[in-house]
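Okay, got some structures for you below.
Each of the next two complexes has chain A plus one other chain: chain B in the first, chain C in the second.
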Partner chain A sequence: MKRVALFVPLVVFAILTLFLLKGLERDPTELPSALVGESFPIFTLPSLGDEQRLLTERDLGSRVVLVNVWATWCFACRIEHPMLNQLAAQGVNIIGLNYKDQNDKALQWLEQKGNPYLFNIVDANGILGFDLGVTGAPETYLVDASGTIRYRRVGVVDQRIWDEEIKDLYQQLIGEAD
Partner chain B sequence: MPVYFLKLLLTASLLILPLAFSERSELLASTEVVEFSDPQLRKRYYQLVQELRCPKCQNQNLADSNAPISKDMKAQIYSMLEAKNTDDEIKQHLVSRYSEFVLYRPEVNTNTWFLWFAPLCLVFVGVFIVWRYAFAGGRAQSNIKSDTAVLTDKQQQQLSQLLGEDDNS
Partner chain C sequence: MIAELGHFALIIALAMAVLQSVVPMVGSFRGYSNWMRLGSSLSIGQLLFVAISFLCLVMAFLNDDFSLKYVSQNSNTALPDHYKISAVWAAHEGSLLLWALILAGWTAAVALFSRSLPLVLIARILSVLGAISVGFALFLLLTSNPFERLLPMAPMEGADLNPLLQDIGLIIHPPMLYMGYVGFAVPFAFAIAALIGGQFDSAWARWSRPWINLAWVFLTIGITLGSWWAYYELGWGGWWFWDPVENASLMPWLVGTALMHSVSATEKRGVFRSWTLLLAIFAFSLSLLGTFLVRSGILTSVHAFASDPERGVFMLMFLAIVIGGSLMLFALRGPAMQKVAAYSGWSREVMLLINNVILVSAMTMILIGTLYPLVADVLELGKISVGPPYFNFFFVPLTFGLVVAMGIAVFTKWKSTESRLILSKIPVPLLLAIICGGVFPFYLATDYSFSIVAGLTVFMTVWLTATIAVDLIDKVGTNIKRVARLSYSYLGMQLAHTGLAICVLGVGLSSAYDQTRELRMAPGDNAEIAGYTFNFSGVNPVAGPNFTAFQAQIKVTQDRRLVANLYPEKRHYNAGGQVMTEAAIDPSLTRDIYVSLGEPLTGGAWALSLQVKPFVRCIWLGAIMVGLGGLLAATDRRYRRRKKSQTKPAVAS
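This part shows the complex of A and B:
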């Protein structure tokens, strides 16, 4: 009995080591999202390029969409943009959320770099961004046909993220919608 | 004389320098000064921004952070305070958007019970170990006394044999 007790510190050490090793693999900047599984927040905001037209959450439609939060001041969005163009060319529905940006700059950006978006929501004051829990740009949300947020990506969506994290879920949601 | 004067000047400026900085930091802080209709709200505001965490910048509270998102959150807290929301409602409003990450003092639930109660458990374990050692130590000593008293000659012989074996090995 005494001998078994001698191993207690070793066991405790082993457990602690495993626990800390697992901690090393975690990305501390990755936050749990409060909105996955929730409905897309309600909003009424103008459309980019046609400010008279007011968009609401109903404009997302009964389809699977990616909602991409972007801005011209956001450097990483520059890196992400070609990937969005590519996805749009493959038929993925992408809706832009132009976050705390200036309309003329945003329009110029789309003219120069191509426009992968079905339409863009102008969120100059970050109201919708706040309700979405946006902490910066770029961020991307996958919304299913019933308007429920199913996935959130903080940061750039590149080929690897698309292949590993989004593609299968996207196909599955398309399947559910049909 | 001019050298003495320069020294005096230098000392004086070194003494004044910290004051100049404190003046400056007050000026910097004053850009964030918020006016409340009720001084009580101001107290609650400072409590909340101290206790809520910026979701963009790791390990900074809203009060310390200059990130655009914390400015938005501070503005939201301000308007909710003025709209007579309770502290809990405000926290809930932020948690429902930015998850529990924003709470520096997380609520007790299935995810956080370990965080809350582990220190208390460790204290109990420590007390138990100390108590056991103190108690068991006393008992062991008294055992030795009584054991030596009841050792028969045969047992004594066996004992020396065993100890002898140990020495040889």
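This part shows the complex of A and C:
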């Protein structure tokens, strides 16, 4: 009996290794392909700063938009924010999805760090986040003019990611929309 | 040319590591003493060549040799020289080379300072360390070569070092952390050598103790520096994020702490032998797992600046061989060492067992929390992230239990303690802790309200320091000269435990009484928090060596007395275009004033974050004391004297 017990650590480690091996095949920063090509989920949620106004998926409009999932508790969002400001200044349409956050803190954040968003969807309970399959903040979705998700980024969008992964697709979608 | 030299030296080091892993091991089985002795010369030779290789990379950075891919990605001509040197370990390839250098350093140290150990044992230890070196050298040469050239199209200018890393904290934090991680390779090698030889007696524990302590001290200091760096450099006043990379360093620390305690019981009383052995394997395994998690990009983290699945596969194979192999060895050879020694209820053995159970549970919680998102993803449960609430939920009660047990443990004796003795010591510290915990929060809060967090914190700190004081008074009595007679390991323990008490105080009070205001301020505006008045007089442009910045001037006063002039900055780095926030801090033991500059707003106004953080400095002060305590214990005379007198140590148990 005692002998068998000594094998426990080895068995636990073997199981762990299998998970790590499986995990390696997956890139946590890439989208589970199921979502690309799907329509943006239906939602009805309040707008940040104007809780009386209800937003729906129609408010994304017939335009190419980036939907950025963010929160004040999210540390990496602080790093990402200047990049969003820069993109907004270049005329990119960005819609914020304020995820599991507090409204006053979120408003304060935008006042302090600048507001790159056309408007912000308040998803205090993570309802829309659940439908989107949000794994955490920040995340960014590129949605085309017909409301179809075309790209998803888990993690920070920085200059490199924008240049290498998003920019061309974004411009192509803009071209399609015109 | 220098780069090729470095590359070549690394290949030679690999060859030496191969020899070092094979020759002494074979010698130890065949009884060839000259084969066994070869281990120490090879380990010193290996250190020499890894050091040459490392120096070559440093030279490449100092010479701005952008034909090296790694240099061009992480340096720039405008970068100050000391950052060019620290840029060597700013990314994956150089970090690994530093890792290999430190491993070679530890190995050579073992070879030099363990001459009194039985030759067979030392040969096997060096051979195991050599095998680990082979793994890292291969990893470097096959998947992450820092000497890779970008020819013929060498860039004229480099991409610059990530501005987050251009900081004194980042010059010393990674080497300290790696000293700790890699240091656990030494007790690991001791454990494997003992398992191979089947000799796991008290001498084994005694020999490995100073090594365990030293590695643990480096890890403690490394983690502390990392936390301090995050606090002042990331610009928003947090000091721990439960990020996977931080967790990866905390796990080996917790297991290392457990190991340090259980090995003392093994040395003194011959108990917990298999357990100590397992902890020695775990501590290093978790260090390797941490490297894997950080370097493979398997988990998303702010620290994962670059990742590559190919490297992940190599690391995982290495992990499987090292950890799987050692656990297999443990499973096969472990039973030979079961030996039971008697101890009862209130004994020190039991208290150390409680310590180990708590520390290992804490580690398990963190491991589960860190890997759960991955496991959930693999099992198709959807992607999940686990946040700070999960970790705090487990960590706070575990810490409480640990601190309570620490206070009692100090009064216990080996084998068994009369419960009357313990019960006679406890009332005074307990009463003191309850009173202080009940009263101080009223005194500390600005509005005389009671905070449960603060109450519990003060309770823990007072309880722990008071029990330590009672025990010291018992031992020293009225004659202060008797302090000199106390052993370094005893004093080290008390210093480290006091450090923990202070650290707990910092963590608890700074989270209970932290005051933060984020607001818009125009030049001339005043704001008040926690009794301090902040006067914002405006923003000026300033230029640094490789950045331009906006610098704000803020005058902090209290009751019209000047407390500090603070100059927070918003930096714009020229090469990469990144924007960084440099917070300005006025530190003191009882509170930090922390100011960071946000975005410019309309009309010359700026967004500012003003924070007052009571006792936050105690976190690092306490942690440093913990580290120093470990260092003091590692220098205990016992280890040195035994080593000298035991030129012919007892091999058989």
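Just so we're on the same page, the second predicted complex is superposed on the first by the 146 of 178 C-alpha atoms of A that agree within 3 Å, B and C clash if a C-alpha of one lies under 4 Å from a C-alpha of the other, contacts with A are read in each partner's own complex, and residues count from 1 in each chain.
Here is the rule we use: contacts are C-beta pairs under 8 Å (C-beta built on N, C-alpha and C of every residue); 3 or more make two chains touch, one makes a residue touch a chain.
Since this is a predicted model, take the numbers as computed values, not measurements.
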Tell me the contact category for A:F75 with respect to chain B and chain C: first, second, both or neither.
second
Once chain A of both complexes is superposed, is A:E111 in touch with chain B (first), chain C (second), both, or neither?
second
Touched partner set for A:Q90, first chain B, second chain C, both or neither
neither
Touching partner for A:L21 - first (chain B), second (chain C), both, neither
second
Contacts of A:F13 with chain B and chain C, given as first, second, both or neither
second
Classify the contacts of A:D131 with the two partner chains as first (chain B alone), second (chain C alone), both, or neither.
first
Common ground on chain A, meaning residues reached by chain C in one complex and by chain B in the other
28-29, 32, 133, 135-136
Going by the contact rule at the top, pick out the chain B residues touching chain A in the complex.
55-56, 58, 68-69, 72-73, 76, 95-101
Where on chain A does chain C make contact in their complex?
2-3, 6-7, 9-10, 13-14, 16-17, 19-29, 32, 73, 75-76, 78-79, 82, 85, 108-109, 111-114, 133, 135-136, 154-155, 159
Seen from chain C, its contact residues with chain A in the complex are 234-236, 238, 241, 243, 274, 278, 281, 285, 292, 296-300, 302, 309, 312-313, 316, 319-320, 323-324, 327-328, 330-331, 334-335, 338, 371, 373-375, 377-378, 382-385, 387, 518, 520, 576-579, 598-599, 601, 607-609
What residues of chain A sit close enough to touch chain B in their complex?
28-29, 31-35, 100, 126, 129-136
